[in-house]
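As written, the chains take the letters A, B and C, and residue 1 is the first residue of each chain.
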Amino acid sequence: MSLVLDHLVKRYGDVLAVDDVSLEIAHGEFFTLLGPSGCGKTSTLRLIAGFERLDGGAITLDGDDIARRPPHKRPVNTVFQSYALFPHMSVAENVAFGLKYKRVSKSEVARRVGEAMELVQLGHLAERRPGQLSGGQQQRVALARALVLEPPVLLLDEPLGALDARLRIDLQVELKRIQETLEITFVYVTHDQDEALTMSDRVAVMKGGKVEQCDEPRVLYEEPCTAFVANFLGSSNLIPATVSEGALRVGEFTLRADVDGRTGDALAMIRPERVRLEPHGTGGENRVPGMVEAVVYLGFHQDVRVRLASGALVRCDVPNDGEAVEHSSGDPVCVHLPANCLRVLEP
Amino acid sequence: MRRAWAILAVPGMAWLAAFFLVAFYAVVAVGLGNITDVYDPVPHWNPLDWNIGYLLQALEDVLPGGRTWPVFVRTLAYVVVAVVLSLAIGYPVAYYVSRYATGRSKAALLILLVAPFWISYLMRMFAWTNLLAEGGYAADVLNTLSLDSLFSAVGLLDGEDWLGGQHIAVIMGLVYGYVPYLILPLYASLDRIDQRLIEAARDLGASSAGAFRRVVLPLSRAGTLGGIVLIALPMFGDYYTPDLMSGSPRTAMLGNTINNYVQGGPDKALGAAMTLLLSAFLLVFMLYYLRELRRESAA
Amino acid sequence: MSRPRWLPVITWVYVAWSLLPVLIAIRFAFNDGRSRTSGQGFSLRWFWTDPTLSVRNDPTLAAALEHSLVLAGLAMLLAVPLGTALAIGLQRWRGRGSGVSNVLMLLPLVTPELVFAVGLFLLFTSAFGFIGLGTTAQVIGHVTFSISWVVLIVRGRLVMIGNDVEEAAADLGAPPWQVLKRVLLPLLGPAIAASLLTVFALSIDDFVVAQYMASGADTTTVPMRIYSSARAAPTPALNALATIMLVLSLAALALAWLVFRRRPESLSGLMR
C-alpha cells in the first residue's frame, strides 16, 4: 500500500502553487509536509483529496490512478483545519455522515460510529451539536468522522493549528497513538516544526511549490541540504564563507570541514547549541576570535551573540546550569566550531 | 465538479436576461423606433433601422427652452433639496444610534428605524394625505402655529390647500418617503467605525468636533455617498409622491412626464426616448452604486 | 466622552415623525364616522360591518387585498428558488462570463423602478405580446426585481458557511446532489426564510411595476388601490385596507422571528 505523487503541478493563474512535486509515501507512514504559508503544502494535500484539479502529473494509490476521480470517489479522507463539522447535525450524525455512502447495515453503522467515538474518547458527547463543543473536542469529532470510514490514507490539514499550545501537545501524542494503533498512512500538513519533528516518520520541507528536502526528522535537523531547511527546522548560524582548495575560509581563518566537493562562495552552517564558547586566545583548530555583542537570558538557556572579525554574527547557546555566563557585551572571546558539526551549504 | 454546479445559475440568468436586459432593450427599440398612423409604437429591434427622431425631440424638450425643461429643473431642485434635508435628519439619527445608544434603547431604536420598511410606501404617503387634508391634524397644527402665513410669506405656500400643488408638500413627502432608506446604510457605515479610532484622535489632541470632522466624517463617506445614491435614483423616477402629495402639474416631476407619455397618451415612443435620456443622466450614479454593491458582495 | 443632548432629541423626534402619521392613519381605520382627517369613535365599521363600503363587503377592496397576496405568494414561490440556485451557481462559477453575470445580477438593484417598469411594459406590449399585461406580467415583474435580493441574501450566507463543509461532505463520499441536499440546503435555511420574507415585503410594497403591468380592475393591488383612491375615496375603508396589509406583513415578520429566534444568525438576514 503506497501513495505515489508523480510530478504534480498546480497553477493558480500565473502562480505555480505546486511545482513538480514527486513523493512516495509508504503504507502506515506518518508523513509530514512542512513549510511556511504559501509553500504549496496545503495545495498538495488538496490535490490528493481531489478539491483541486491537477494541471500535470499523476497520483496513484496502490497503483490505481485516483487523480481523475472527484473527491467523493477517492478512498482518502481529510481532517480540515477549520474542522468543517456540519453544524446542523449532532456529533453522532457527523460521524455517521460518510457511512451512508458505504453500503453498511444500520447495526454496522451504529457499531462503527460507537467505536470511532471511543477511539477519540468522545463517547459521552454523541448527541451534542458541534457548536456546543470545545475546539479540542471538535477536532476529535473531525478525526472520528474521517477515521470511521477506515481510509487507507488520512489527510490532515494543520489539524491542530487553531488550538492552544498545551492542548496541541496532548493531541499530538494522541494523533500518533491513533495512527500507530490503526496502522494507516497519515499525510500531515503543518507549518510547525515541533509538530513535524515529534510525530513524523518522514518530513518533506517545502518552499515555493517545491520539495526542498525529504527525510527523517533527525536527518533533516542534523544534515540539512539547504540554508532554508537549516533555518526552518530549529535555529542555525549561517556564516558567509568561501571554499578554496578543499578548505573552508571565514574571513582570514581557515576551518576544517567536510566541503563535499564544493568551491567558491558558501555558507558555513552550525547549530547554536553546537558552538562552544571559549576564553579569548584559546588555541586549536576551528577556533575563531570575536567580540560578545549581547547576552540574552532565555530561561532554560542563554543566547550569547558573538561578532566575528569577518562581520558575521554567531549565536551560541549556553545551557543554564545555574551559573551566570561570565561574559558580558564587549568581551573578546573565542568560538569553537567543531568540524563534525559544520555543514557547508550553497549560499 | 465546480463547473457542473454553475448550471444552477442558468435559469436565473436566463430569467434576468429575458425580463431585464431584453426589457431595457425594448425601451431602446421603442425610443429609437417609429409609430403607426394610430400612434401605436413600432419598435425597431434592428440597430440598423434605428430612428433618432424621438430621441432628438426628447433631448430638445429637456434642454433649456424646451417644454420639459422646467420639469427637469424642478425635479433636480426637488431631489437636491430632499437629499440635503434627508441627510440633515438622517445623519444625526444614524450617528446617535450607532455611537451613543446602548442596550435596550438601541435595540428598540433599530427596530423603529427598520419599521418603515415593513409599511408600504404608498400607505406612508397616504397617511400624510389624511393629515394634510383640509381639517387634518397636521394642517391644523401648521395653521395654528401660523406656519401657513410664514410659508406663504416666503413663497413656499400658495393658497390655503396643503395638498394643492405645494412644492413644500412634495419635498416633505419625498423626505418622509426616502429617509429610512438613507439611514440604514449610514448607520451600517458609522457602526463599523471602531470607537477606539475616535479615542485615539482625542488622545492625539483632537477636540470632539475635530475627531468627528477628521475621523468619523471621512470614514463614513462611502456609506453616505451610497445612501445618497440609493435614495436619489428612485426619486428621479418618482411620480406617485407628487401625485399623492399634490396632484397638480405645478409640482410635476420627470417621472410624471414619462408616466404620462408611456401610460397616458399616444407618445409612447417619446416616453421611451425620455426614459433613455433619464437612464443616461443617471448612469454615473448607477455605476457608482453598482461598484459599491460589487465591492460589498465580493467582500 | 460627553454625548450631545440634541442628538437623542433629534432621533426620537424623527422616530415619532416617521411612525406617528401611520399610527394616526390606522386610528382612522377604526372610525365610526366617515372622516379620514379626525378621530370619530371606535368601530369595525370599515373593516367588517358596513354593508357596502367595508373591506369585507366592497368587492373591489377585498379583491385588491387578495390580488396583492396572490402576487406576493407567486413571487416568493418563483423568485426564491431561482435566486437561491443563481446564488449557488454564481458562487462556484469562476470562469469566463462570471464577471458579466455578477453585474447582470446586480443591475436590477441599481436601475430606477420606473425605467424597469417602462421597459417591461413596452416589452409585453410588443415583442413579448404573447404574455401581455395582467397577473402573469405582474408576477414576472416582481420576480425579476426580487431575484437580486435573494441572491445577495443567500450569497452572504454562502460566504459565511464557506467551502469547507461542502468539501468535507464530498470528501466523506457524498455525491454533489447529496451535498446540496444534506449539507448546503439545510445550512441555507435561515437565508431562504429571510429571502421569502424579503420577497413578500418587496412584492406587497411595490406600486410602480404592479401598476405598469396591470391590465384592469381585477389586477389592482392594494398600493394601486391606495394610489387611485387616496385623494378621492371619501371613507376610512381605505385606511382599513392599508391597516390589514400592514398587519399581514408584520405577522409574516413575527412568524419568521418565532420560527428562527433560536438561531440568532438568521436575524441578521432579516434586518437587511
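Assume contacts are C-beta pairs under 8 Å (C-beta built on N, C-alpha and C of every residue); 3 or more make two chains touch, one makes a residue touch a chain.
Computed from a predicted structure; not experimentally measured.
Shown here, the protein chains touch in a chain-like sequence that does not close on itself. Of all the chains, the one whose CA centre sits at the greatest distance from that of chain A is B. Put simply, the chain closest to the centre of the protein, by Cα centroids, is C.
With centres set at the average Cα position, the gap from chain B to chain C is 18 Å. Between chain A and chain B the centroid-to-centroid distance comes to 59 Å (mean Cα coordinates, whole Å).
Put simply, the C-alpha centre of chain A and that of chain C have 55 angstrom between them. The multi-chain contact residues of chain A, meaning those touching 2 or more other chains, are 70-71.
Contact of a single residue of chain C with at least two other chains is seen at positions 170, 176.
Shared interface positions of chain B, defined as residues touching 2 or more other chains, are 1. On the chain C side of its complex with chain A, the touching residues are 162, 164-165, 167-176, 178, 182-183, 186-187. Of all residues in chain C, only 1-3, 6-8, 10-11, 14-15, 17-19, 21-22, 24-25, 28, 35-38, 82-83, 85-86, 88-90, 92-95, 101-116, 118-123, 125-128, 140-141, 143-144, 147, 151-152, 155-156, 170, 176, 201, 204-205, 207-208, 211-212, 222-223, 226-227, 230-231, 238-239, 242, 245-246, 249-250, 253, 271 touch chain B in the complex they form. Taken in their complex, chain B has these residues touching chain C: 1-13, 15-17, 19-27, 29-30, 41, 43, 45, 89, 92-93, 95-97, 99-101, 109-110, 112-131, 133-138, 163, 176, 179-180, 198, 202, 208, 233-234, 236-240, 243-244, 247, 255, 258-259, 262-263, 268, 271-272, 275, 278-279, 282, 286, 289-290, 293-294, 297. Of all residues in chain A, those touching chain C in their complex are 49-51, 70-73, 76-78, 80, 82, 84-88, 97-98, 100-102, 145-146, 149.
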